[in-house]
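Two complexes follow with chain A in common, the first pairing it with chain B and the second with chain C.
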Partner chain A sequence: MKFKVQRENLLKPLQLVSGVVERRQTLPVLSNLLLSAEADKISLTGTDLEVELVAELKTSVDEAGEITIPARKLLDICRTLPEGAQLEIVVTGDKAQLKSGRSRFSLSTLPASEFPSVDEIHGMRQFEIGQGELRRLIERTHFCMAQQDVRYYLNGLMFEIEGQSLRSVATDGHRLAMSDLVTSADVGENQQVIVPRKGIQELARLLVDDDERVQIHLGNNHIRLQLPGLRFTSKLIDGRFPDYQRVLPKGGNKLLTAECAQLKQALIRTSILSNEKYRGVRLQLDNGRLRILAHNPEQEEAEEELEVEYQGDELEIGFNVTYLLDAINAIVGDKVTISLSDANSSCLIQEPAEGSSKYVVMPMRL
Partner chain B sequence: MIIHVDMDAFYASVEERDRPELVGRAVVVGGSADGRGVVAAANYAARTFGIHSAMPAAQAYRLCPQAVFLPPRIKYYADVSRKIRHIFERYTPLVEPLSLDEAFMDARASERLFGSSESIARQIKNDILTELGLVASVGVAPNKFLAKLASDFDKPNGFVVIHEQDIQPFLDPLPVQRLWGVGRVGARVFDELGIHTVGQLRQRSKNWLCGRFGKFGEHLWQLAHGRDERTVVPDRQAKSISHETTFEHDIDDVNVLKSNLLTMTEQVAYRLRQAQLRARTVSLKLRYADFHTLTRAHTLEQPTHATDALWATANRLLDQRLLPLSAPVRLVGVGVSALESTQTNQTDLFAQARDIRRQDVDRLSDDISARFGRGALRRGRTLKP
Partner chain C sequence: MTATSEILPWHRQHWQRSIERLRAGRLPHALLVTGPVGIGKSVLADQLARAVLCRAPLDDGRACGQCQACSLYQAGSHPDAMWVGPEDGSKVLKVEQIRAVSSRMSTTSQLGGHRVAVLIPAERMNAAAANGLLKTLEEPGADILLLLVSAQPGLLPATVRSRCQRMALTVPSADEAEAWLRQRSPQADVGLLLALADGAPLAAAALEGSAGLEWRRTVVEDWLSLLDGDAEPAAIAQRWHGQDLAATLGWLMRLLVDLIRLKCAGQPPRLANPDQREHLQRQAGRVHLAELYGHLQRLQEAVRLTRTQVSAQAILEQVLIPWRLGASGR
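This part shows the complex of A and B:
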């Protein structure tokens, strides 16, 4: 195998693909990238057995071939070479020689045949949406995904498709985020898929905020996205997502509307003196007025008062302030509406005009 | 050196201390003598009549009708226990309470401050007597196993120190059932083998013991040589909570087994709730008459401290992964691990109405236990037919 490539052309795809490679590996070949060269292009593949990313770029290939080389080292070399550098990579025997100007590197390799490839994808269906649209679905919900929960099906983001609707839902059992998108074309019959946390994090890095289309392939066990020059594949979590419809609060008769920025600042200040571990704050609602209180084990106390739109009975309720802030940060627009019913029931946070996203947060007992 | 402190006839002594008119009389603390209650504690005067803890109160009454029978005041004893613990903590933070009246301590790191472990142990015994008016038996030895034997050796009001060179002379003459894990039934097995004392057991090779009793044989061999590697684990860092019981007679009736398991599950769940913890993993331990031992564990989706939820898991583990029994059972145990604090008070989106009802039942049953003593309210299944 032998090819030449401009540093700037290689660096971006190399960074993306290396991002998938986990630092700690059980299988040595997983810390390598699969490099293949044919005709006038090369492709780079990184995988952690759950998520696979393939980047393709045009360049002049002298001799086709396939090999795997250490991802981290190749990336570090490319990063530190001077701007505009020209690289030549030649594989001879079990070494990959990398030359650029007066620099020479000889890297160890493992045969391409040892590199794991994704199982064949069955039961494929396809549709297209804008990159920006998909990116927003992820941005508005991903922070509610669970992390290493034994309820493994919560450690990911659930996409639900039906007709012209695409919905993303994430929950860690204490709070839930849901965002809706109306697609231009019919995407087909109802289906729920759960994309693991790592896949979502990678996707969030790949997608750009514009109208460029992304092709989504949905298999029984995989999701695949085709982007310009990049192919992303992730296994799906094999499990049933909980019935999220059931936990969307319906009877919230106490409506609070506040300025997003004002409420956010007040919460941030109060949180400084909340318990560092449990992050509890106490909300007290009265006609047109919201008080936020916090105290910590050192007996320090914080109190904020702000004017809000609220008419209803007095109410006192506790929340994890991080959950409230995460939701308010994801709200688009200047105002936020919070519907409550009592101190033991969840609240619903959304944009005043019933926007495309909804957030449910369970209270803390005071 | 490890210190083991064991309060003498704790509940009864607390009552005697508070009511001087009781001194010299037989005192029995426990359920009422006309009901189905059991003796929770008996003072030494009562013990001379053959009364001991866990005996039905009615039987105790027959043995000594003139004894003073008192209802237990668990909350109050727990308060006294806390005061005792404060005394321990003056000398070392490494305190591992086993129950209200018993604890291990590792004071080695405090020796430069307070003198040798032996002298620390003396100070503790003395502090408990002068400040709280209660008598403790204390054992000081190179490890937990020996320290516990030592505190028991000269009870009541004992103070026994076992030095490295005294270990074998101390252990060898003891009957084998003093080894941790060998109960009355185990002793019978050894009897048939002509092994009556620890010294006789020690003469056997490790291979012989392992061949006969498996892993438990290795454990016995270590104990017979006075070895015990367990460290003192302070309560607040508890990684697991468990209860186990060795039956007086080997059990082959699954219903009896289940009734015992449920009782232990209740106790484990109660301790979880008291410690404001929830557990994710439930494990079962089952030892057959031939000492063949099995353990099975299951991890729950959501951590819980509900007796019902823990029992459902334990029961399923037994049904699906341990039954049918291949031989009579000599020991069962239930334990929980992967513990999480409940102090967050964060409520759960997917909690079912059932979970909330369970919490109500548990809270009520804990309140009743605190007021009337453990066993005042019991699940039907734990009652013997």
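This part shows the complex of A and C:
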């Protein structure tokens, strides 16, 4: 294998692909990147056995081939080479020679056959959506994913395809987030997939906020996204997501509408004196008025009062303030509506004009 | 691990059945592979794991050794396969390791086939680890195969045992074992090796020309001179210290059991140490049976203690000193 490449062209894809490679790896081949060269392009593949990234770039290839080389070291070398440097990589025997200007490096390699790359995925269906749209779906819901829960199907983000809508749902059992996206293309049969946490975090890092289309392939075992110059593949969680529709509170008859920024600031201030472990705050609702109260084991107390749109009976209800803040942070627009029914029922947080996202938070007994 | 090893002759029946079930899609999600040490439980588990993952298995069900799945498996980088054993310096399978298994088993297969995990030796799971595995054992996804390999399945919690199908491997017949071993090492004293390995062919093969065999000679000589009153227990314990304690206790156990056999039967048909028959006969004449059972009890306790933090020196002294007392008491 032999090819030349400009440092700047290689660096960006190399950084992205090395990102998924785990630093502490017991198996040497998994800390390597798969490097393959053919015709007029090279591709770099990194994996942690859950998420795989493949970057492709055009360059002049003198001799085709496939090999794996240490990801971290290759990246460090590329990064520290001077700007505008030209790299030549030649693989002979079990060593990869790197030459650039007066620098020479010889890296150890492992055969490509030991590298677990995912070539084809089975049971495929595909559709296209805007990159920014997908990014928003993830941003608005990902914070509700569970972390290392024994209910393993909660440790990820669920995508649901239903007719023309694509919906993302995440829950950790205490709160839930869902966001809808109406796609232009009919994506066919209904389907649910759960993408593991790690894959979602990686995607959130990769997606940029623009109108460029991304191709999404859904297989029985994988989700694959084709981004410009980059292919992302993640395994799925093998389980059934809970029936989230049953969790959405219906018949919340007490509607509270507040200025997002105002409510957020008040909650942040009150949270300072809430119990550090349980993070509980008490909301007291009265006509046109919301009081937020918190106290901690040291008997310190916080109290905030703000004007809100609220008509109805008095209500007192407790919440984990972090959950409320996460949801309000994800709301777009100036105002937020919270529907409540009583102190023991969960609340529904959304944008006033029937927005595309909904958040459910369970109350706390204080 | 070699590419595609032959199925060991005494495993053939189990192998046949497993392959038939695999082809019919009726392989259970968890198999508890049990049997004495040295009969190739892990070999069979390995062969099964490969066969299940292989894309183009041979006619007899063995893995081809050529396809992508096989070459990844050999490199140890198959994304859907895990071998889990005690990590360096640890005696137990930790809960973190089991969690890694559960989390790998909860995501879909990377290469689109089975997902396989081999836990070996499974009885080394500590309580938290065993409990952590229950969830996966109870609600496995499709196409999962957990292979729990254990020589002492009794040490596993009943909750784990009851959720696995048992594949009980046994020691092959003497003829079968001898034939296999003779083919492997025509020069060796096959009979003695098998006797020393309790008839377990792989253990016998491993003994041949090994340091273990040399070590046994030392243990036997030291022990005989202890019984003759020519050596001090503390000195022997000192000398044995640093050697493989479990192996040492194993050799002592065999010698002791042989003494009991000789005591009870006079001229028993088989000994675990056939080469020491004369020495043992001599010693058997000098001790009481009750005394021997006392030694046996202490030795069993010592074997149990090897799984704890008690120092090797202390364990050895506890075993050896009573022999000396017995010898000097006469």
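Remarks
Here, the second predicted complex is superposed on the first by the 363 of 366 C-alpha atoms of A that agree within 3 Å, B and C clash if a C-alpha of one lies under 4 Å from a C-alpha of the other, contacts with A are read in each partner's own complex, and residues count from 1 in each chain.
Quick note on the criterion: a residue touches a chain if its C-beta (ideal position, glycine included) is under 8 Å from a C-beta of that chain, and two chains touch if they have at least 3 such contacts.
If you're wondering where the values come from, they're calculated on a predicted model, not measured in any experiment.
Partners chain B and chain C, brought together by superposition on chain A, clash.
Contacts of A:L324 after superposition on the shared chain: neither chain B nor chain C is touched.
Of the two partners chain B and chain C, more chain A residues are in touch with C. When the two structures are aligned on the shared chain, A:L74 is found in touch with neither chain B nor chain C.
In the superposition on chain A, A:V150 contacts both chain B and chain C. Of the two partner chains placed by the overlay, only chain C lies in contact with A:S113; chain B stays clear of it.
In the superposed model, A:L283 makes contact with neither chain B nor chain C. In the superposed three-chain arrangement, chain B is struck by just one stretch of chain C from 56-64, 290-298 or 308-316, namely 290-298. When both complexes are aligned on chain A by C-alpha atoms, chain A residues 150 touch chain B in the first and chain C in the second. The touching residues of chain A, when paired with chain C in their complex, are 27, 29-30, 47, 49-50, 110-111, 113-116, 118, 121-122, 148, 150, 152-153, 196, 220-222, 235-239.
Those residues of chain B lying in contact with chain A across their complex are 280, 299-302, 343-350.
On chain A, the positions that touch chain B within their shared complex are 150-151, 171, 173-176, 242, 247, 277-278, 280, 318, 320, 344, 346, 360, 362-366. Within the complex formed with chain A, the residues of chain C that make contact are 68, 71-72, 75-79, 99, 102-112, 135, 141-142.
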